[in-house]
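Below are two complexes that have chain A in common, paired first with chain B and then with chain C.
Up next is the complex of A and B:
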């Protein structure tokens, strides 16, 4: 019974992945066929040759998410320390939830005017800035539990022994924060990677990330290319998940997500 | 001097700049636009945009529909996840089931919506399977689960994303709160299995989970890509309605989009205040 439950769970979880991969390799899927009539590598080979523009979108999405996660991880790590030791810490941390609580796309709609006047509307820089508005508060919340009395004592010990702020960061804080920084980086990468509404709204469709491509192919009823774009979207998170499980779960014994 | 300023005000200033300033600017602009004080159609202070939108039953349907979808999703996901965890709390601590629960979290909302569309639509995989099994004799006989007025496709989509998240979350709480030892204590004191589950395990699991359940509720209520793909045209969710009003060619719709944004913001603030008021206060000794 237990074995049967495990098999059912395995099939349920893996079905969407197999389904998407199958569709990306298929052609001629007329009703009522359960699987496509023809199997082909043409969608994948057009990805390699750059014929469908998905390769360019993949590179753009990777670049954007990587930039957002590097910037947001760095800034939130620095900012969270200042917030965590502030007397009004709890107030600030509570307020950091607001960018999530409001739908990001509604926030984007309200901020549209400011992106237009600043010349960032329809630009990659605009999408990057908009994504920072939601990723940095997440990073702040994430790192808030890192800055505890133990870290403060460690930092003060560095100063007592004659070290400066740079040395405290380089020799003590950053090495002890490595697993937390890596996990935060992965999570922020995923927030940016999954983002659709803000990117579509602030990028005006000109910043053609993979999430926009999925939607575009779906509206064009090109389900095979939509499935291919979906597989490309799922692949990096699965790899990160595997890396996370393999390396970080071992390192990250004292740390939990916000 | 500079380092002292940075120490005292650097954190809050940075935080305000990134988190609250964009939010306040955005909501402030939306409010001014909705009152006719800024924007291309600005003709001075007016409440006409508010009046015309708030009088529309479709607007309240949108708000109610968003609330209903979020509530049903969270209730179903919470019940499913809690029953899975309480049935066998050790299961999701094992490497393979735990990894399997993480897997659906790797699927972006837009991809999940596309998958559900391909699964539940009239021409989708379940319809094909039903045809092969002889349950239906035509694709039109398959029920409307996509773009329907009950938001079935939207709810299923969110459910598939939320349940694994809450299974992992509840497992974490079960360990951190040491619920197993309290359950054991209840058994020692003569509680039945049912009593231990309903009076010990479930309240101990749900109390610390309540803020996250609430935040997820708000997240679903404001979701965009799933209802955009799977929602109906007659009853829309709030994000979809706002963006559609904003992107229509008729400029008269833009102030109404901003009214929707402001009303949604007020509703969220109200719900947060209510949640904060209802949550148990910490004991001060």
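Up next is the complex of A and C:
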């Protein structure tokens, strides 16, 4: 019975992925056929040759999300320390909720004028900057619990043992923060990867990320390319989830702080 | 006098936590400071370590004014109530941490750590991670990590408070032994009367930011504010 339940659960979880993969290999799927009339690697080979633009979107999205998550993780880790030990810590942390209270798109609309004036409107740099506006506050909130009295005591201990700030970061703070930094990086990558509204608003359709492409194909009713784009869209998060399970569980249990 | 504190004062948020404080500690001596929570003892230790700035007053070490020196330059190690071992490092790496900060050669670190492990009676524990040690063993590693760099002064903020009474007794003996071996100059803060008497060559009391240093053990025991007289009366009533 348990085996059957497992199989049913597995089928339910895997069905959307398998279905999308199958659809990306299909052609001529008209009513009342249950499955596409022909199977082809045409869409995938077009991806490889760069014909449908999906390959370029994939590379663009990977580069954008990687840059956003690296920058936002680094800046929010550094900034969260300043905030955590600041006398007005609570005020700063409340302010970090702003992009989420208003919704990222509304934030983008409020900042649109500044993006136009600064020449970042419709540019990759603009989208990257806009995404930092929502990912850095997330990172600040995420790391706020990391900086506690115990962590401060550890840092001070390094100083009294003769270490400077750089040594405190390199030898104690960063190694003990490794699981938190990796988790934050993964989460920020996913936020950036699936970001639609803000990217559309600031990129004005000129920065074609994979998420935007999926919606574009869906609105065009191009189900085969939409399926292909969806498969590409889901791959990096699946790899990240696998890495998360494989490495982060181990790190989290390693660094129990006695 | 090796460590001298002159007119040290500190106020937090309008509340004075340290009234003008003066005292001195002779080199190689341990000054026990008896104080309850909120008495200002941690603030005093942090100012001496360079982790807090005083509002007024001066700290002298070996006749040099060090009030404006950074913690790194002072050579004064502050030990917390918790051992605060670095969780990602082994016992060996934790003990040798201060030496690695000073870029001492690896063979030299290894030799000195081995010696320290022997002195701390931690043989066979060198490659263990902190979470594999008992409370007493962790505290020993924390001592070793501080002592291996030959600090000029050791500041101990209730280091045995979290230990059970038996381990606490063992640690007190170990500290006395290590203090004698290394000629440690230390301020040992505790809220435990017996511990203060056992550990200190000199005795002082801090209460609500007011400091009092006693000339000798007798005057400490005679003063009703230290609680020694109450303790004696308590045991006397059971004897009678």
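Throughout what follows, the second predicted complex is superposed on the first by the 244 of 258 C-alpha atoms of A that agree within 3 Å, B and C clash if a C-alpha of one lies under 4 Å from a C-alpha of the other, contacts with A are read in each partner's own complex, and residues count from 1 in each chain.
The working rule: a residue touches a chain if its C-beta (ideal position, glycine included) is under 8 Å from a C-beta of that chain, and two chains touch if they have at least 3 such contacts.
In this text, all values refer to a predicted model and were calculated from it rather than measured experimentally.
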- Query: Once the shared chain is lined up, is A:66 touching chain B (first), chain C (second), both, or neither of them?
  - Reply: neither
- Message: For A:214 in the superposed arrangement: first (chain B), second (chain C), both or neither?
- Response: first
- Message: By the touch definition at the top of the document, which applies to A:44: first (chain B), second (chain C), both, or neither?
- Response: neither
- Query: Should A:153 be classified as contacting the first partner (chain B), the second (chain C), both, or neither?
  - Reply: second
- Note on the structure: The answer to whether chain B or chain C touches more of chain A is B
- Message: I'd like to know which partner A:176 touches here: chain B for first, chain C for second, both or neither.
- Response: second
- Task: Could you look at A:164 and tell me whether it touches chain B, chain C, both or neither (first, second, both, neither)?
- Result: second
- Could you pull out which residues of chain A sit against chain B in one structure and against chain C in the other? 256
- Touching chain A in the complex: which residues of chain C? 49-51, 70-72, 74-78, 80, 82-88, 97-98, 100-102, 130-131, 133, 138, 145-146, 149
- Going by the contact rule at the top, pick out the chain B residues touching chain A in the complex. 6-7, 10-12, 14-15, 18-20, 22-23, 25-27, 29-30, 95-97, 99-112, 114-115, 117-119, 123, 125, 127-129, 131-132, 139, 160, 164, 172, 215, 218-219, 221-225, 228-229, 238-239, 242-243, 246, 257-258, 261, 264-265, 268, 272
- Query: Once bound in the complex, which stretches of chain A touch chain C?
  - Reply: 150, 153-154, 156-164, 167, 171-172, 175-176, 178, 254-258
- Query: What part of chain A is in contact with chain B in the complex they form?
  - Reply: 6, 9-10, 13-14, 16-17, 19-20, 23, 31-34, 75, 78-79, 81-86, 88, 92, 95-107, 109-114, 132-133, 136-137, 140, 193-194, 196-197, 201, 211, 214-215, 218, 223, 226-227, 230, 233-234, 237-238, 240-241, 245, 256
